[in-house]
């Protein structure tokens, strides 16, 4: 079975940098997959791609060694299983606030007896190899999103979920939960403190901490806090910012 | 009928900056249309969008005041008319090397008696208004691509084509024709000289010179040469470059 | 932030007329959005559009001042949030039978602390403006569907749900629940009585009553009963009826 | 091989009524195909459907006995052959002005030795039956569009083209050619005279005259002039008009 | 209302053979529907088709008398109702382990008072006829998947669910549940015994037993065990195997 | 630049076996690309894939070392260039009957000064590498279809076209041209003789002879005649035949 490059990076104590796909197009996905990210994630929650586009995006990513990941729209086993069957090598699941939710999430990603994933890895076994079903449980990465005060309170309990590889912080939602502000300012004290706590606690529990960040500078700060799976920006923001800059430079 | 903002800019002697769409997605098109470009062009020749995606891209652009344009794949009247019927407010047509080709191109964009465009502006009359058919001939912009030695030789003849608004330089193809090199180096003397000549000649003939450029700096150089319709980069290049920079900044 | 025209109409005590989209096409959506409706709703429950088509339909609607709405397939927070992120300015949610269900529905449409909507208004902030997240809670319209005897029994309780703007009657399902008939005859006494009761009760509770109707005549009757958000027919019915009439007129 | 119902109607001296598809959706196509039209035509010239959508529209039509037709974007043999291979039972070809153009068009629709159509009826042989290739030449309907003064001048020559079934009038383009007006007023004397002439001449030459009309009344007038294949309105116009009427009736 | 051919086959004590669609294409669906299967099922769980493609696949199937079926991704009433509204004449629902789950599934497929399906059979009433709503409850087939030890334990209880037509065995998941192996070897004793038990028990309870099988030989064995709805292979496997065989035969 | 495996095979005197794609789906394309073919060709002429689907099919093929090829709908430079820009490593062009047509075809595939291909290998340079433009002329394979008596008469002249790699026989069209029959019987004497002649003549002229064949047996016969690029069947035929066989085996 094709290895999961993320596991190799983490086995060496390294940090992976992850691209974030909001544009529902196999072409932009192919371009992103060639940009040097260790993995690229189709974000079905806040991105614009539905299931069908996601499949073509995974196919386009398959030409590279960037690991194809999916963020599900919710803790929805049916959708999570579909993403895995389509070749996702990891799932980031939103709004995991309790141990029970974490177990439900992980269970959807693991074949029995570890979980309750249904057997039928139609595209996955083409992408990964004919022995996919035997090795999927050890290969697929599972990251539970921590984005509320409640999740923060339950952090160690969530981290102890068998089969869970780590957590992923949505700083926008977490900041909104902690501060009531929508500005996603990661230097805001209450949020900053929580981010440090999550990074430290996760590492101490031998799991992977992941997070979304807006810039490489903040990404490096998060790496310093122990985060080992770091998303920077989105395809849409990169495109929008670059275009606005170009126009401004020309018109200036 | 909705005015063509490009004509307004040019009437005041101004220069328009144009975005270039290669990603076949109405979402990336919407993002680009909001970035400040005066117009955005769906490039059907070297981009990845087919006709159906192009329609949704024109729709997404329609929310903004960026002018929707299309580059046709060829001097193909059927396709040109479809793009116009779908709401394109201008056409950039590749590989116009002779006056006869320019006339065929312009004729496809104009209703009789000025041309031979077929009547049926299905979406155009929704985008532009019910009086579209009466005013389309004066509103639609036509730009003939000059990208070979032959076109250069016939430049003044092409510029004199009735109903043609101007020319558009493809520096890659023109450079390849003039120098045999595929590198698209716009400082290469033979190409640089031709670019200056086209800018000057077009302006002297009262027409609009347009061009594709890779960066704002070169765009400004072209403006100094008289170009009044300047494309900078493509959505794909902007995304690819921005992503590679981010990854590199992080990994450095 | 772009205002929600529906709120303006209701603030003046007016009644909004709403178009209903079943055809999965951005073109028919654009045509409908230009027909004079105050809002148009992509019906994901009984219509033929999936998520990806819905996005392009919202884009096409964005060119007009018709308010883009979505009817979700179910009381499904993941889907509701996706529709909102894609630019829906209101959600009609099927089969709300209890106060708890109403609260779950409204919570999915409101950012904390009013609800539990996840932060990431990718397209919404392009459609509505950069300050979308600050004002979304007051802008997005939430209508809970009342379509069973149980919902009728719980009507006042449902109407008292904080953050709920009103209810929307599905006369087909309500009639089936009340009478056991599938014919959707709105003059049937048990149904007619319920419709009058809902219109009156909703208005007395300071909320908005909405309903689907087959014809302008019945729509006016509903307006007389206090309904302020009235859907008439569907794109499919309009097209089918018009086509059948034309053929019949010709063949007669 | 599945019979072509149009040929049966014409064999009995009857007149066929044809629906016109501009919405790129298999669902609206299915709805139109069930409305009673003898045939329905996907208009690739002024409609919004590209090739891929057209295939699904032909499939949806296949459930009914309405004959699937295509209007090509141009006298383009490659596209015409694709439409036929996808199951079109007839082609309406725009802008046929000369006998040579008519011959080129007909040749694209007929297998050798009658024409130069390439053999490979992939979907056609599923829709029509395994013996499609043997009978296609006698089954497929070919209608050349007469929409200019030049075509009018060459009418009898065009009608004499071997293998051509008839002509189809585009009154918008023909009116524009004859009168210089874009209003498509079919009562305008010069146009009205031409329409009468075409109907009469075509019938005298034993061929089928077809035409697009906006209303059943005008359609009946054209039938009286000898036209035997009559299109009335388009799906888009039917939908748009019906929706505007409904809104107006309600708001009145 | 169009009859459900499956019910006719079963009424005569016969066995239906079912094709399984994983390729998200209306063309491959049309080809499969013409291959002689009594029914064809779009598998949304492990196949690659999302909702939008599924609609076009149902349309393509509609040209034939093969019964269109859907396997839902989960016991999800919203999705099940959408598939039915789109014209599915039967639903196979994964992972039904208890009587309560079976009742929830069946309820989603039946209009009140038998269930809680919402009224709005948009495409179904075109495919099946205008009287669809009156007869749907007796026409739509419901098959609950038995694929765990728990389901096996609850088999008779599940079979007794009012309105349930039968069960459908997923041998891969059932084998994994019973044996811990992913190989889907239907001769493995524990699995073989269970398959025999299900066939026998279901028949004794007057319900229909269905199953997926890899080959015609195993299909016949299952028929001998009492199974009356037998899927053989998938479109993907058929294509993949045939292609590999061809290449191997040539290279040998 | 990524090598073209076909050229490697031919450099060693070998024969390549080619898969033929008619299903417009990136999933069936991915399955075919993994079946062992040396190359797979998206057939835009008689297949069901339009341009947009073709791009996703090329992406799916890109994961394997099967060479992505395209058959154009016609000798249409605009389309041929688009296929190349999308990553096709070879073009099969229909209906090349004269040397002039062959030169026009080859010119569309070669950058100046060898041809007139326009510079802009958007996806090709991602698939093949950043140095694509420098090496494309030597890498892209060009095969002209010989499918009429006229082409047969001009065979040596066509084969002498500079830059042309070889010819490809469409036995259906060639048989129809030579015998007037649509049955595509490759044992029919006139056709068989022509096939032998083409194989021999092409090899003697140092070019590659290619052909479509229905079965491995006939493919081997063609190899014996000197053919070095052999297509066997199509995805549609493989699927249809396999499905019909399965059903028949079960029902027998």
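Chains: A, B, C, D, E and F, in written order; residue numbering restarts at 1 for each.
Methods note: a residue touches a chain if its C-beta (ideal position, glycine included) is under 8 Å from a C-beta of that chain, and two chains touch if they have at least 3 such contacts.
In this text the structure is predicted, and so the values were computed from the model without any measurement.
Centroid distances from subunit E, each centroid being the mean of CA atoms, peak for B. Centroid distances from subunit F, each centroid being the mean of CA atoms, peak for C. Looking at D-E alongside B-D, one finds more C-beta pairs in contact between the chains of B-D.
The geometric centre of subunit B is 34 Å away from that of subunit F, both derived from CA atoms. Between the Cα centres of subunit B and subunit C there is a gap of 41 Å. Contacts with at least two other chains are made by residues 22, 24, 27, 31, 34, 48, 50-52, 55, 79, 123, 236 of subunit F. Contact between chains, per the stated criterion, is found for A-B, A-C, A-E, A-F, B-C, B-D, B-F, C-D, C-E, D-E, D-F, E-F. For subunit C in complex with subunit D, the touching residues are 17, 19, 22-25, 27-28, 31-32, 34-37, 48, 216, 219-220, 230, 232-233, 235-236, 238-244, 246-251. Residues 50-52, 55, 77-79, 81-82, 85-86, 111-113, 116, 118-123, 133-134 of subunit E are the ones that touch subunit C when the two sit in their complex.
Partner subunit E is touched in their complex by these residues of subunit D: 26-27, 30-31, 34, 55-56, 59-60, 62-63, 123, 126-127.
For subunit B in complex with subunit F, the residues that touch the partner chain are 22, 24, 45-53, 73-74, 76, 79, 94-95, 147, 170, 172-173, 176-177, 180, 182, 184, 236.
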